[in-house]
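Below, chain A partners chain B and then partners chain C, in two separate complexes.
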Partner chain A sequence: MSILITSETKFIIQGITGREAVNLTRENLDYGSKIVGGVTPGRSGRDVYGVPVYDCVRDVVEKHGAVEGSIVSVPPGFTRDAVFEAIENGVKTIVVVTENIPRKEVAQMVELANLRGARIIGPNCLGIISPDEAKMGGMGGPAANTRQAYKKGNIGVMSRSGGMTTEIASTLTAAGLGQSTCVSIGGDAIVGTTYAELMPLFEADPETEAIVIYSEPGGRMEAELAEWVKENDSRLPIVAFMAGRFMDEMQGMRFGHAGTIVEGKEDTTAEKIARMEASGISVAERIEEIPALIQKRLAEKGK
Partner chain B sequence: MPGLFIDVQVDAAVAKDAAIAKKLEDACPVDIFEASDAGVTVVEANLDECTLCDLCIQAAPEGSVKVVKLYE
Partner chain C sequence: MRFYEYESKALFERHRMPLNTRRTVSSASEAREAAAEIGCPVVVKSQVLSGGRMKAGAVKFAKTPDEAASYYDEILPIEVNGETARSILIETMSPIAQEYFVSVTWDGRRKAPVVLFSDMGGIDIEEVAEKHPEHVSKTHFSTIFPLTPRIAKEAIGKVGVSGRDLNRMTPIVFELMKIFLEYDLTLAEINPLARLEDGSFCVLDGHIDLEAEARGKHKKLLAELGIGEDETRQARPPTEFEIAGRKVNDVDHRGVAGNVVEFDGNLGLIIGAGGGSLTLFDAVRNHGGKPANYCEIGGNPSVSKACELTKLILSKPGVEKIAVMMNVVSNTRVDIVARGVVKGCIESGKDPAKVISIFRIPGAWEDEGFKILEKYGVEYCDRSVSMYDAAGRAVAKLGA
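Let's look at the complex of A and B:
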């Protein structure tokens, strides 16, 4: 098993005729993903690498039946409407690749998704991959590179950075540790799904035996994760790679992602490390330490 | 003037409490609250930086701080 997507997940790409989406279509098809249709208003009747294009999500659903997921790759000004359209047509997992969406509109998207029981991954993310099954988004780039970096296994990966998701997966793969599902949750200040919100899915997945997260200064996500782990007595050992330690000496500096605004005490790397370690999360200082820490934590559990 | 995205309302009695003002100033990662001996001031220019983290709501007495969503 895996979480969020499997080899059987049927999904669409909204904005499929755009340059970025055309590349995503090729990469996802090559990796084995089931893309049943694409949407670009006014482009019905065309195809992108054999994927039929429709004017709206409703037309795809009428033709192909219910779809489980959507990659939204449309300009920022149209993203909210595209997400609303997907949600109103029953799509439950929506990967929003687009960045620079106004915060108010992101909040509206997340609110509607919560009301309708849908899940948004992103915005400003590379999506989801369940290695050797399917990917939904740009994780790992072309299929050949993706297959090199990601291998099937038992480690779940969550990261605010899309590139670091692949870096971590590649490091795990090189050490013989495959992944169950890897999720790039997006780097914006407000995202549809946080680390703590993904934990129940990994917890319920019998294939997942441990978790690796990428952590940066700024934001509350690690604190929420630490609280979740303690409150729920998680069965999963977690290793966090903490980037940006230099920022504790440079207050007010921003690390890169919009979600990493460093102002409050709780946001510093020192504070995050202390909170995570207090909840039983192991913290790696360097990426190459991650596999050994995972193996140590798994060995402690007799695995 | 509220922000484009949210408005923040602080109960009048709580707003004059210097200790709570300091708590709010420390809690908010995007500087929406400014503390002084006279209490707390909402910095309107920073309202649209809100990340909906709810830390201000947790820092203040129950019900005394409201984040009003202007987008529903």
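Let's look at the complex of A and C:
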């Protein structure tokens, strides 16, 4: 099993005729994903690698029946509208790849998604991959490269960096640890789905036995995860990697992602590491320590 | 990006917020004239972006125009957290009966905007929240339903304010919420919001932070407030090197080679992407290395972009070698980066084999990339060498 996406998940790509989206279409099809249609207003009747293009989401749904997911890859000024369109046409899992979307618009997308029972992954993310099943987004790049880095297995991965998701998966794979599902949750100050919000899904997935997270300065997501772990007596051991430790000394400077800035004490890596460790999350100093830490934690549980 | 107090107040004024009469001045004689015109006593305030002006002695109360002029000279050179005044604000001094605090910001956990209100204004709100939680209210509101004054009323009422004060403050708090959403702000704060002795209310100080992503949407406002397009309003102004870095990124639209931040070390870094750069910068420092810069490449930058970035970093005084490192890449082509970096070295008159201490970018098109590096004798490694160990090799070469 896996979470959020399997080889059976029917999804669409909004903005499919854009340069990046054309690449995504090909990479996702090659990896085994089921893309039923694409949307670009005014381009209906064309196709991208055999995927039919429509003017709006409603037309895809009319033609192909209910659509479970969508990758939104449109310019920042059009993203909110595209996400609203997907939600109002019954799409439940929406991966927003686009970056540089103002927070207000992200909050609006999330609010509507919550009202309609939909879930947003991102923005500013590379999406979701359930290795050897399907992927929804740019994780791992071309299918051959993706197969090299990601292998099916029992580790769930959640990351604020798309690129580092592949680095971590590749390190796990090299150590013989496959992955159930890897989610690039996005690097913005407000993201559709946080670590803590994905935990119940991993918790309910019988294949997932442990979790790895990649984390950065800024925001309260790690604190939220630490609280969740304490309150829910999670069965899943978690290993975290914290990047950007040098930023603790550089208040007010933004590095990396939009949400990566130290403005107060709670934003610092020192504070986040302390909180996570207090809740029983193991924090790795280097990426290459992650597999051994996972194996140690699993051995403690008799697995 | 943060606004100065005088800019925040200019925006508040457009929204008919109650404000004192005030002038922004840039000489002692202007300060004297302004004080005479407004009428003493006046407040003389340094215009800086960081907090803690009062503690630093950069806010004074003048009883006469001459006093205002001498305070101008006194305050102007004072550094507040390393920052000197952009100008000085002269403002009527009002007789205050009580101070309130109101702030609108984003709650990343709730993914919604939140109004914070307190009847203990003027002091550090985090301290109030800790010691007197019943004096601080926190009220979230919708970003998709029409904004109406009820949230403002609830926010004020929750701390026990009622009667005429509640009714007089509600439109001010409501207006602040509207401003927050209308201009894509990340912070809209009034502290203090004062009730004067005559029972009226007045905005004494305000903070506004506009989201960097929304600058393009609000160009007109920024131009009207006199905020230049080149003003980053980060914790410190950009250096020449960083400004040059931005130009490299504007060479073409293919990929990113930007976010260059200057440091004073001897190891130039061509690193990426967002998360990879943070990880690698930590790794270099853990090995005792001294980075000359931070940067981020990604999204498949063109050969010319990678080349120009390399040249810029190699031109920085004190840079002895460069390290080219990324996490396993998804959509950046290894061969294009390799070609760009090698070209940049040669065009700088350096031998790539000597000046590139390590090249560690695994992923798409790596075989083609590695071939180029072999040809020029550059040391490279694939994903079997960790990011941490690659950084270690780069640092070790500088020591040798």
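Here is the rule we go by: the second predicted complex is superposed on the first by the 303 of 303 C-alpha atoms of A that agree within 3 Å, B and C clash if a C-alpha of one lies under 4 Å from a C-alpha of the other, contacts with A are read in each partner's own complex, and residues count from 1 in each chain.
Please note the rule applied: a residue touches a chain if its C-beta (ideal position, glycine included) is under 8 Å from a C-beta of that chain, and two chains touch if they have at least 3 such contacts.
It should be emphasised that the depicted structure is a prediction, and the values quoted were computed from it without experimental measurement.
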item	value
Clash-or-fit label for the pair chain B, chain C on chain A	clash
Partner chain in contact with A:S130 - chain B first, chain C second, else both or neither	neither
First, second, both or neither for A:R245, with chain B first and chain C second	second
Which superposed partner A:S161 touches (first chain B, second chain C, both, neither)	second
Comparison of chain B and chain C by chain A residues contacted	C
Touched partner set for A:I190, first chain B, second chain C, both or neither	both
Touched partner set for A:S282, first chain B, second chain C, both or neither	neither
Touching partner for A:N100 - first (chain B), second (chain C), both, neither	second
Contacts of A:A149 with chain B and chain C, given as first, second, both or neither	second
Which superposed partner A:T208 touches (first chain B, second chain C, both, neither)	neither
Which superposed partner A:Q108 touches (first chain B, second chain C, both, neither)	both
Overlapping segment of chain C (options 21-29, 39-47, 75-83 or 129-137) - the one that collides with chain B in the superposed model	129-137
Chain A positions touched by chain B in one structure and by chain C in the second	103-104, 107-108, 111, 189-190, 219-220, 259
Of all residues in chain A, those that touch chain C in their complex	23, 76, 100-104, 106-108, 110-112, 126, 138-142, 145, 149, 159-164, 166-167, 170-171, 174, 187, 189-190, 192, 194, 214, 216, 219-221, 224, 241, 243-247, 250-260, 286-288
Complex interface listing, chain A residues touching chain B	103-105, 107-108, 111, 189-190, 218-220, 259, 261, 263-267
Of all residues in chain C, those that touch chain A in their complex	106, 108-109, 111-113, 142-144, 181, 184, 186, 211-214, 217, 234-236, 259, 261, 272-279, 281-283, 285, 294, 296, 298, 326-331, 362-364, 383-384, 386-389
Touching residues on chain B, where the partner in the complex is chain A	4-5, 26-31, 48-53, 55, 69-72
